[in-house]
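Here is the structure we will look at, set down as structure tokens.
Think of it as A, B, C and D in the order they're written, each chain with its own count starting at 1.
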Amino acid sequence: MKSQVVTFLINCPDQKGLVAKITNFFYDKGFNILSCQQYVNSIENSYFMRVRLNADGTIISKDQLENSFLELADPLHFSWSVHYGDKKQNVALMVSHTSHNLYDLLERFREGRLDCNVKMIISNHNKLRHIAEMFDVPFYYLPITKETKEEQEGQIIQLLDSNNIDLVIMARYMQILSSRFINHYPQRIINIHHSFLPAFQGANPYRKAYERGVKLIGATAHYATEDLDEGPIIEQDVKPVTHESTPQTLKIIGADIEKLVLARAVKNHLNHQIIVSGNRAIVFPEAGE
Amino acid sequence: MKSQVVTFLINCPDQKGLVAKITNFFYDKGFNILSCQQYVNSIENSYFMRVRLNADGTIISKDQLENSFLELADPLHFSWSVHYGDKKQNVALMVSHTSHNLYDLLERFREGRLDCNVKMIISNHNKLRHIAEMFDVPFYYLPITKETKEEQEGQIIQLLDSNNIDLVIMARYMQILSSRFINHYPQRIINIHHSFLPAFQGANPYRKAYERGVKLIGATAHYATEDLDEGPIIEQDVKPVTHESTPQTLKIIGADIEKLVLARAVKNHLNHQIIVSGNRAIVFPEAGE
Amino acid sequence: MKSQVVTFLINCPDQKGLVAKITNFFYDKGFNILSCQQYVNSIENSYFMRVRLNADGTIISKDQLENSFLELADPLHFSWSVHYGDKKQNVALMVSHTSHNLYDLLERFREGRLDCNVKMIISNHNKLRHIAEMFDVPFYYLPITKETKEEQEGQIIQLLDSNNIDLVIMARYMQILSSRFINHYPQRIINIHHSFLPAFQGANPYRKAYERGVKLIGATAHYATEDLDEGPIIEQDVKPVTHESTPQTLKIIGADIEKLVLARAVKNHLNHQIIVSGNRAIVFPEAGE
Amino acid sequence: MKSQVVTFLINCPDQKGLVAKITNFFYDKGFNILSCQQYVNSIENSYFMRVRLNADGTIISKDQLENSFLELADPLHFSWSVHYGDKKQNVALMVSHTSHNLYDLLERFREGRLDCNVKMIISNHNKLRHIAEMFDVPFYYLPITKETKEEQEGQIIQLLDSNNIDLVIMARYMQILSSRFINHYPQRIINIHHSFLPAFQGANPYRKAYERGVKLIGATAHYATEDLDEGPIIEQDVKPVTHESTPQTLKIIGADIEKLVLARAVKNHLNHQIIVSGNRAIVFPEAGE
């Protein structure tokens, strides 16, 4: 295997000796263990591990590595995945008519601060095409009506699949995705919700926040699931506000939080820092985030 | 009037010239205006003002001041209140078996950082009596059962009224107060809820926060109203948490937030910084909070 | 005067009756007072006020307003300025080779979230020209050596003056400006420093932060003065970091703080929220920031 | 060994296979590894590990464990320490005349939220004796003058040593300790400094913060070293402030930050989460802090 970082994500029933067995396995295969993070959920008696390896100097192939690992993984009932640093992930952005998240993500991609290929921007409006053109990213305008929803989603799925998209980012795409769509990309669609979930689920959270007179507003990035705004939470943040805020100024203040929260969530996903367990996202920290 | 700070809180329909008329009034009466804070709610077309005056050198009496002010206030449809610095407010604390908010408030009172008299601690358990004794505050143990709830609340009301209590602080009092009780002390009961409202209303918020996998936990101080956990929010704060938190550790982390949030809300109330409008609390900032 | 917001910034020795006199003046001239914020510095016995007026329906001209105001201002020893909403400010950005602040500010200007004209970008490197072109803003490449510094600064001054630039933003311009340059634009040059001032003044703050093992890193926006990194602080923010951060990852984490801090400082300046007093910047808050 | 948590802290030159070798060692001895945290400093090529073990069911004695571990540790050049959960640490508090940190720590100890024995309070003033009495902790009043400093410190050292004190907490003890004293308790004295270090080192940080017009104030907990305010930083936090703050109100706002920062640092130390490397404190996180 050529020099690269290899990341394993592992989830299994808790038991004695796991960390020793796993780290031994990689040591025996000649890897240098860059980091090894674990989390024990003692309420559910389950174990989670993220191991980052340096493949430098190993002579094993990817296939050999995975086949050998199966011999360790199967008797211990691992759910696991492996991710190779030499494979760059393909990303699609979905937007409607709000631009701040789109600008922010494109700037990060362009400046090399998010490690992926942005292959396309898909929108149900034509309004943000000029931004796609500024950043030289293909823009697909696929309008939607109640009648054409199924057809439009079919077109999107075809676009995503034919471009081998690994991650879909709903950067303020203001349409509810069908279960069919969601289930086609499990844990591969990240959505930004403009409130601190589970407060103010559904539409118009800034209006509701104003009416409730909250003293903090927030944003939440989560994996999209069939239950709207109920998916595993990846990242959240808030900012203090005062009684002076109107729904309109809350929206402006919120935009900066939404940008940071979505960007961090995307980075965590692209870095393979996340294991989903039920409705909870285990997010291993990484320095330099 | 002897030397003291006098605070007016005013709420009225918005109209031209309010700040000039009000500040003129106090200037003519010989007051020095220490601060004058306003908030215009242009959605509801209403106006809010907090004026702090230095009475030093004035010769007007309290009665004369209030009678004169009525001549300004009535034609402009003011709702208003006035608060004199020479009258210290009487406070009652209500607790059950959690001690952190109680310690924190008593320490602040004792060290002179909350300007009031703590007249009593009321509890439905006997567990925290030793803390009352440490701080030399009368402790009333009034146990409660489903059958005695009405009677117990009657005893509390009698205690509060006979001691001229101005403010009731529910410092983790784990009983739901009846509407009769709540309405006896409108905007004079402050409650601390151990989550970021309106997320996780009702019981066991830390358990629910764990199950939802949130990345921030918080606390909310609000005025008690008939609708549980729906009263005007005075103060909120949050702290980042990770997937590693259990309901138990969330409780420990949350305790520090609860202490700060309740203490700030109480300080804002005692300083006459708050005007309640519908379900929203207008909280004017004050340096040195 | 046509319909617009007019903002007065006033600084004078403290004395009785100021708020009444000032608000009366504007009320008499037919203005609606949108907000009136004051700050009394009792240590230095000085008074600061920011008044925002709605000119709607007034018949007074700008000249008449200013001449009348002088009659109030002179006997009370006001330092004051007035700013009319119908005059959009001209802004110049100065950069070197770091792009994150530039992208962020251009996005905000483009999306209408910073009320000004970005007239030009000036750089001592050619590296960021493509960003200027993406956003259609003139780019001036003015390289600098020790020998040509005086000449280069002369060229910049000429560019700024001939374009009537009101505000210069050093968005990571990595050159020390001469006193001559600084004094040509007093309180009109905003700089972003990549640390929490006064910690880590001077060069390489992220390196120093790593070596000191700090647990928070920050950014500071301030007016440029002759003493490097000593000018009045407008805005600061920090983010928690851990021992795992390297100088390189601190730089990445810091970039997001720098973007927010500089954008807020620029907004505060453009909104006329700031009065500088000695080395302290009085920054009046504004909802919707 | 009876059922308890055993914590190893290890620091050594980085090399391949460390995590496998160490976890194997403990697995072979029959321990369950509760958590295993590592940090690689690639700038200095050094490796840090914190391992928490459950001794439940092991038959090895403490001596046997430590002797066996030496065989692993010596060839790999470990600096290491081991800490047993069945040994409660003894703590001494040093104070002068400021009470907030003292109240806060005593409340936490009393309520079982800091796992240690508070054996004594030492002060150069008699002012806080009543708090010691409230919490039933021995209070030693040891006044100090320039002439008696050496003698007074000698008395303190004798008190600490004869009571087997493991940790000294300077909870706002306003005297500079001599090098002799500091070096007697290396990495066993924690100090709270009332600013965000390295800003505003030395005396009167709130005064200096006011004069500099900062928009955030903070607190820093660090190990005491010979160079005043230069020791390894354990914990820091800040809070936003405005131009309205005076040195006096900054002090009040700061008190709440100081309480949280010192309490967290003490908890991190008591939980054996810290390894000091040069002037940097490696602080491993722990859920439930």
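As a convention for this text, a contact is a pair of C-beta atoms (placed from the backbone, for glycine too) under 8 Å apart; a residue touches a chain by one contact, two chains touch by 3 or more.
Predicted model, so just to flag it, every value in this text is computed and none were measured.
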For the copies chain B and chain D, give the interface type as same if over half of its residue numbers appear on both sides, and as different if under half do. same
What chain lies farthest away from chain A once each centre is taken as the mean of the Cα atoms? B
Counting in whole Å, what is the centre-to-centre distance of chain B and chain D, each centre being its mean C-alpha position? 36
Taking each chain's mean CA coordinate, chain A and chain B are separated, in whole Å, by 41
Could you check chain C for residues that touch two or more other chains and list them? 242, 244, 246, 285
Touch list for chain B against partner chain C, complex: 16-21, 23-24, 26-27, 32-38, 40
For chain C, which residues are in contact with chain A within the complex? 99-100, 103-104, 107, 111, 113, 134-135, 242, 244-246, 248-249, 252-253, 255-256, 260, 263, 285, 287-289
So in the complex, the part of chain A that touches chain B is made up of which residues? 39, 42-43, 196-200, 211-216, 218, 232-238, 242-244, 246, 279-283, 285
